[in-house]
Amino acid sequence: MNFLRNSLAITHKDLRSEIRSKDTINASLSFSLVILLLFSFAFDPDSEQVQEISGGLLWIVFAFASSLILSRSFARELVNDCLDALISSPISPAELFFGKAIANFVLLLAVELFCLPVFGIFYNVTWAQRLPVLLAVMMLGTWGMTVIGTLFSAMTVNLRLREIMLPTLVYPFIIPVLLGAVQLSKVLISGAPLDADNQIWFRLLIAFDVIFTLLAVAFADTVLVG
Amino acid sequence: MRTKLIVALSTLACLILAWNIRTIFLHVPDEANQGAIFRILYFHVPAAMTSFTGFFVAMGFSVVYLVKKDLKYDSIAASITEVSLAFAIITLVTGSIWGRIIWGVWWAWDARLTSYFICILIYSGYMMLRRAVDEPNQRARFSTVLSVLGCVDITIVWKSIEWFRTQHPGPVLSVRSGGGMAAGMESPVYINIIPLLMLSIALILIRMRQEDLRHEVDSLRRYAHSF
Amino acid sequence: MASETGVAIEAVWKFYGDYPALRDISFTVDRGACLALLGRNGAGKTTLLRILAGLTRPARGRVTLLGEDARAVETRRRIGVLGHGIGIYDELSAFENLRLFARLYAIENPAAAAKEWLERTGLDRVQDGLVREFSRGMRQRLAVARAFLHSPTLLLLDEPFTALDDRAIAVLQQLLAEARGRGCTIIMSTHQLREALELASDVALVNRGRLAFRGERSAEMLQDPSWLYRNYGEA
């Protein structure tokens, strides 16, 4: 499909740039480590509590890590007016948006996969008992954050207060995603099976991802073309 | 013409409100379990309904802007959103006061209050975004996107926090807590909707006038710079 | 006739808020013509070019490029744009940049096209070098390569000779001559009256958002480039 091919050309470009410079991913990783460290001062890392709040902790780290990656996403197109070159090219704004969203997803997921074992080490938490399902939750949650964050990154890229505007706009929007992901992660990290009560959070994540992906792709043109 | 409408609406609204207040304080007895404080719900609930409706109506006007490209619709949408935001804050504050008396705490993460808090965060973001964009057409486009996404999101937020609270029960802010309300007690809750709606329309009209003036200043400024 | 019209601008208005940056602009450019778009800073030249390049839509009126709307995919495939910014990625190599744009423009063999254009602009020996290490002149030549890569039939150039070094100017002039030779339509906004008027077949002058003059390039203009501004400048 043309749509996917064009989007992936953009994804490929973004990932290649990032892998070469490693600016964003290094910053994001350092930031995540600092947050994990700070949390250790907030409560006793050895206590039983940690297992209880592990889901929340992890997703707070992931949410903060995302802000650096997402803000950079469209900011990198401003240099040399590359965004104009892309918009006047034959690809559609929807393809451009989707390609960038996939690139951000890959980068953010990479940071998260690094944080997970580090978290386990720092807080003496075993997290791999239900790994496949946990990975599924991470992917669904990360896509939710990415799709909103990439669209808002496109909106705020030219604004004066870009660094402030992006987190301010994104975080309230992704609360349902974080809520669902936290509930599921908490259960999965403790090794328990998911019961009917928890299935609802899966459905929430999937519904959120589908609805907002469609809306974001539909609005990409409105946001990117004056 | 518009000024007359504003004055008429506000006056009428204040009169009805005054009458309702009189009814609420003089004719409605204290509620069995909640005592005197339950009267605040007569303002909390209509404010909540006004603001929630407002956000969705504003989304409608935003979408009309996108179709017709007439900035007037964007002005209307922004004005409605701002006034709805004010009413959402009133909802939160009145709810919090109620909670302080009934539960003994200023804030208890009740499902409705939490959802309203998130609403306020989303639409404060909307107002911040409008301030940050200089070009009016771009501002209108971005506002539309944010308004549509916001309304879809607050619906999802509402449902998901409700589900969360059924799994992790906590204090619940309800008009009907402590048993059913007696007949005479319920109607002022809904009658207060009318004056509050009228007040909100008056405020929206005032806000729209500000937007018009702002447009004028904007274009005068650009004319000046072009010399 | 429709088949001879390269670009048709009909009653175009563009507003920034209530301020009209372009007011009721209407003119056509025949296929194969080369139009010099003149005007002071802030007159609206860049705004007009941005509309033609599909970066923004007119508030009123219509723009037709090669018979289609400016935002149509087929149109965008046939337009080459050289704007103020160079439009190439610092973190990619020259080759990777051209190959990316070749892919986006649906060129059959992107790698081969990229290599060919690196040779034509004299960048083949640095093709694997990252653009951020290039000199300014090299970047400009790469930008030119990007604009011509897909053999556009319509070229939109916003002050192309500004800040080009001699080598880049030579490359651009040669490519423009070739493009004209194969019937490409060119619209070029510029302050460099002399260079532009030498290349141009037609001239348009924009003043405060309005079209102040539209006609063929004349001998008078060549002899005295500021003739236009004197006669049609301040409306």
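Read from first to last, the chains carry the letters A, B and C; within each, the first residue is number 1.
Criterion: a residue touches a chain if its C-beta (ideal position, glycine included) is under 8 Å from a C-beta of that chain, and two chains touch if they have at least 3 such contacts.
Bear in mind that the values here come from a model prediction, so they are computed numbers and not experimental data.
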Under the touch definition above, the chains in contact with both subunit A and subunit B are C
Weigh B-C against A-C on C-beta contact pairs and write down the one with more. A-C
Which chain is most central here if centres come from C-alpha coordinates alone? A
Distance in whole angstrom between the CA centres of subunit A and subunit B is 31
Could you state the distance in Å from the CA-based centre of subunit B to that of subunit C? 50
How many angstrom lie between the CA centroids of subunit A and subunit C, rounded to a whole number? 39
Contacts with two or more other chains occur in subunit B at residues 137
Where in subunit A do residues touch two or more of the other chains? 226
Partner subunit B, residues of subunit A touching it in the complex: 148, 151, 155-156, 159-161, 165, 168-169, 171-173, 175-176, 179-180, 183, 197, 200, 204, 207-208, 211-212, 215, 219, 222-223, 226
Contact set on subunit C toward subunit B in their complex: 15-19, 42, 59, 208
Complex contact set, residues of subunit A against subunit C: 6, 9, 13, 16-17, 20-21, 79-82, 84-92, 225-226
Would you mind writing out the residues of subunit B in touch with subunit C in their complex? 69, 71, 135-137, 215-216, 218-219, 222-223, 226
Sort out for me which residues of subunit B touch subunit A in the complex. 66, 118, 121-122, 124-125, 128-129, 132-133, 137-138, 141-142, 144-146, 148-150, 152-153, 156-157, 160-161, 163-164, 167
